[in-house]
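Some structures to go through are shown next.
Below are two complexes that have chain A in common, paired first with chain B and then with chain C.
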Partner chain A sequence: MVELPARDHGASTGGAPTRAALAVLAPVRGTFKLLLPFAVLVGVWQIAATVSGYSSYLFPRPTDVAAAFWDLGRKGILPAYIADSMTVWLIGALSGAAVGIGLGFVLAFSRPLRALFLPAVRFFVAIAELAWLPLIILWFQFGFTAVLFMIWYTVLFPVLFNVLTGIEAVPNVTRQAVRTLGANRWQLVREVLFPGALPSVVTGFRIGAGYAFRALIIAEAFAAGSGVGFLIFESRETGLTERTMVGMIVFGLIWLVVDRLFLRPIEVATVERWGMTAARL
Partner chain B sequence: MTRPAHSGTEPVSAERGTTGPYDAAISVRGIHHVYTSDQTGERVNAIGSIDLEVSEGEFVCILGPSGCGKSTLLYLIAGLLRPTAGEISVNGERVTAPGRDRGIVFQEYALLPWKNVRSNVALGPKIQGMRRAERNAVAQEFIDLVGLGGFENKFPHELSGGMRQRAAVARTLAADPEVVLMDEPFAAVDAHTRMSLQEELVRIWRTTGKTIVFVTHSVEEAAYLGDRVVVLSRPPSEVQEIVTVTTPRSERRSSEVNHVHAGIVAGLLRAMDMHVPRQAEPGIDEHG
Partner chain C sequence: MSPLTRSRGGRLTARALKWLRGARPVGLLTLALVVLAWWLLDRFADIPPFKLPSVGAVATSLRELASSGELFDAMAASLQRLALGFLIGSSLGVAVGLLLASSKHLMEFIRPLVVFFQVIAGIAWIPLAIVWFGLGSGPVIFVVANAVFFIVLFNMLAGIQSIPSVLLASTRTLGAGRLRVIREVVLPGALTHLLVGLELSMGLAWRALVAAELIVATDGLGFLTLQASARFDAATVVAGIIVIGATWLVMHRVLLVPLHARTVERWGMTRPIVD
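On to the complex of A and B.
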């Protein structure tokens, strides 16, 4: 960890102009702090790969990876693969979440259905989605549908369980208060249970979407003919290891962007704005 | 006040002889309540037998030791619990389920954390199908009444305990109930806030003219607030004593110097303890 001088925290040192200048530079410093470890990493990588003397097939240099990045981009392969991966992930994650929320509410409101289906649901959760892959390929063949099913299956259960725990976490006294205001069953769902369960559902979706992102890599590797996951595994077989690394880096970047720019802000807007971080309902 | 048909209540059958004008806003007859504890699975005989009449516009306090079933009685009136035996009616309508004619204020506030003060208070009118502009106007009226003007856009977690309870009172009143049931509403706030909330509540009660049933375990609180104080015994609870407080509320706070009111407090304290024989005290008018 590289320590930068933090004068702005010191009460005794630094005059007012210095502090003001540092405040202006704060975003720049933030970006610098974020990128510095990666710059160091890439530098060490370049040196290690050069010094080791391995071929670029076994140990591609950052410059090889950058060239492959440019090449894949220029030929339109990378944009097309990213579009394929993101499309199937988005459709799978949204449809899985929709089914999970619907099923969760049905099970939350029906004790008999819960008693009937919950043990089976728990059993299916215990089967890792990867174990389904042979059957999925058998049933849906290679391609979009097989990958979609994997994503869908991976998102479904975390969302479903978080709907159940979210509804359960709504205090009884809150339901009672709204019932005494004259709410019928549907109004109770709309005004209390749905918004009350929402933070938990958002968290479930964030977790599920993260799992699904991992499932996406595997599903594309074994059951698809395109996509970033396909690129990673296909390139190793064709000896273009630097393309494998391009795929890895792309997945890392996409997840960071999706999580920081979409999933995390949604969580902040619901859970934290309502002061529900400590389950205070 | 005439009202549309209540949800959760049905007309009392004619053979019970309760037709005609109702003097009592709330009528509790032969209530007995046994429930199975969630924790221990044991059968708890909470209420032995309770009969109670509350007049329209009256402020009644239910006082008793903890665990005596005073909250259970309130939940039964609210329709959140069904009695094992007996019958409760509110303005002649038998209670079978919760309804907006019986508003309740909980110790835990029970505000919706995702709604700001305005939307929380406007919830009752919203449930009744009132349009946004109209229900916000109603909400504003009650927000101002409880002294929360300026905090309309705050979320519950941004408010102090006392302010949350003001918001909860405003929410209950905005739904325009016929009776307001309060379950130890000020037990979770500090002593100073509690006193000012009690005074505010008396002012609000005078302004709105609502019937209030107020559950508390504090003798001082009951003696300050109530027109009458109903003392319940330990479970299986029965009405042990009903004390009518005649001292004007403006004089009740000065119980240190006011012997009449001090006498009431002393009488209530004795009523809470079954073993001490009681003597007649000035200012106490016995019923029950």
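On to the complex of A and C.
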């Protein structure tokens, strides 16, 4: 079971030099602790794939995947695909969020209009966005526009939904107090409702952007001729499973970097700082 | 603006609100407006029917799909896969989570792996699932189970780590065995996180299901929609989209909302940590 917390009393008797050395080594230890599980996983995978004797089509070995990674990188295919995917995702996610926030801001002015819009928005959020893909392809044919529209849509509705629910969550007392103190409608929206909804909006964007990143894979598989999603699916058709795995790993790494380096810090800087972690879903 | 007019404006808004609430299913009014907008667009903008089917065509298509039984077959196929995948994924997730709970070192070791796999869970596995399971239900169930497993496991670990170690230590000191600690402390302690994980994974599982059905299935709602688009039958595509949205809304209402209200909210624990 979990150990007692005060396990390493001995550390305090180690003296200053040891402690300083430990402090310097802390990041190294952290990285080691982070990477060790992956090293072990890759080792086990290599042994299992070699011993099982399956072809690299069914069960590629890590060395196959590494070779494919090197090959795709050397030919410039992988960097180009990553750039393509990130471009579509960035444009789609930012414009989707902009439209969602803009529309939400307008709707902040009228409560009846919000009451009217919310069920529709809820419904659009409920439609698993990929269900639109067949229709989107009918609209835009195959290509960049179809993928972009898919991403745009996927981000727009969670953001809009969170603006609206965020506004509803602002306590009535606050609204009335501000109104009583003589604020007009514009001031109420600008100073109370919109800032009040902001943490929820940030969360909505993070969720929407996450869904959009997943939707990107399928949209690219269907409608694009490049991109990480295209790589993942195209390689299955050509029987190069190790390339599929390269795509999956790259996809995971990109999202981790984007999420931890950009989205999470934004959330921490807004939602958590204002002590509103309740809105994390 | 004088106070008088403002109050009148306020009264008007209040009356409008009351009226809106009186028309209890506001959703119906919204629906009527959406249909009206759609009808107007179709009537006055010159959009070919394979891009924007008319309201009537979609209604006919829905009726035909329902009366031929095609719709319910597809829905049954999809829901069956979802249920099976969800059951497999969540039970495995809980089991592995509890297993890991017995060792802090093991948990710290596994955590980075779970974080990574949670990120790529679901949709990205579809091509591999096809390689391993062929076409049909197999890969779809695998993808759903995969999505649920990693998200549930991730939340289980977060839940277990949120249990104050004092509780665990004191239970141990008072003579509880491993199993007893798991049953009486770990499981209840991690329950809120687990429930949130289940809820969250349902949303992702549903999306993974639709995506997988678009690509590998031979029946189900996603397949129905894609097949219609290959025939340029936009009416059936839109009908499929509507059914997919409505199915999720009903599931959400019937399953997830009551579950959330009866557990997480009732216990006053609406502070889930979802990563």
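Things to note:
The rule is simple: the second predicted complex is superposed on the first by the 240 of 281 C-alpha atoms of A that agree within 3 Å, B and C clash if a C-alpha of one lies under 4 Å from a C-alpha of the other, contacts with A are read in each partner's own complex, and residues count from 1 in each chain.
Here is the rule we go by: contacts are C-beta pairs under 8 Å (C-beta built on N, C-alpha and C of every residue); 3 or more make two chains touch, one makes a residue touch a chain.
Keep in mind the model is a prediction, meaning the values are calculated, not measured.
Once the two complexes are overlaid on the shared chain, A:V246 sits clear of chain B and of chain C alike.
In the superposed model, A:L130 makes contact with chain C only, not with chain B. In the overlay built on the shared chain, the residue A:T180 is in contact with chain B alone; chain C does not reach it.
A simple residue count on chain A separates chain B from chain C, and the partner touching more is C.
Contacts of A:E191 after superposition on the shared chain: chain B is touched, whereas chain C is not. Of the two partner chains, neither chain B nor chain C is touched by A:V202. Contacts of A:L72 after superposition on the shared chain: neither chain B nor chain C is touched. Once chain A of one complex is fitted onto chain A of the other, the partner contacts of A:M150 are absent, as it touches neither chain B nor chain C.
Across the superposed pair, chain B and chain C both touch chain A at residues 184, 280-281.
By the touch criterion stated above, chain A contacts chain C in their complex at residues 1-5, 33-34, 36-38, 41, 57-58, 110-112, 115-120, 122-124, 126-135, 137-139, 184, 211, 214-215, 217-218, 221-222, 232-233, 235-236, 241, 244-245, 247-249, 251-252, 255-256, 259, 277-278, 280-281. By the touch criterion given at the top, residues 1, 13, 16-17, 20-21, 26-27, 29-31, 33-34, 50-51, 102, 104, 108-113, 115-117, 119-120, 122-128, 130-132, 165, 168-169, 172, 178, 181, 196, 200, 204, 206-207, 209-211, 214-215, 221-222, 225-226, 228-229, 232, 234, 237-238, 240-241, 244-246, 248-249, 252, 270-274 of chain C touch chain A in their complex. Residues 171, 173-174, 176-184, 187, 191-192, 195-196, 198, 270, 273-276, 280-281 of chain A touch chain B in their complex. Considering their complex, residues 7, 78-80, 98-100, 102-104, 106, 108, 110, 112-114, 123-124, 126-128, 155-158, 168, 171-172, 175, 177 of chain B touch chain A.
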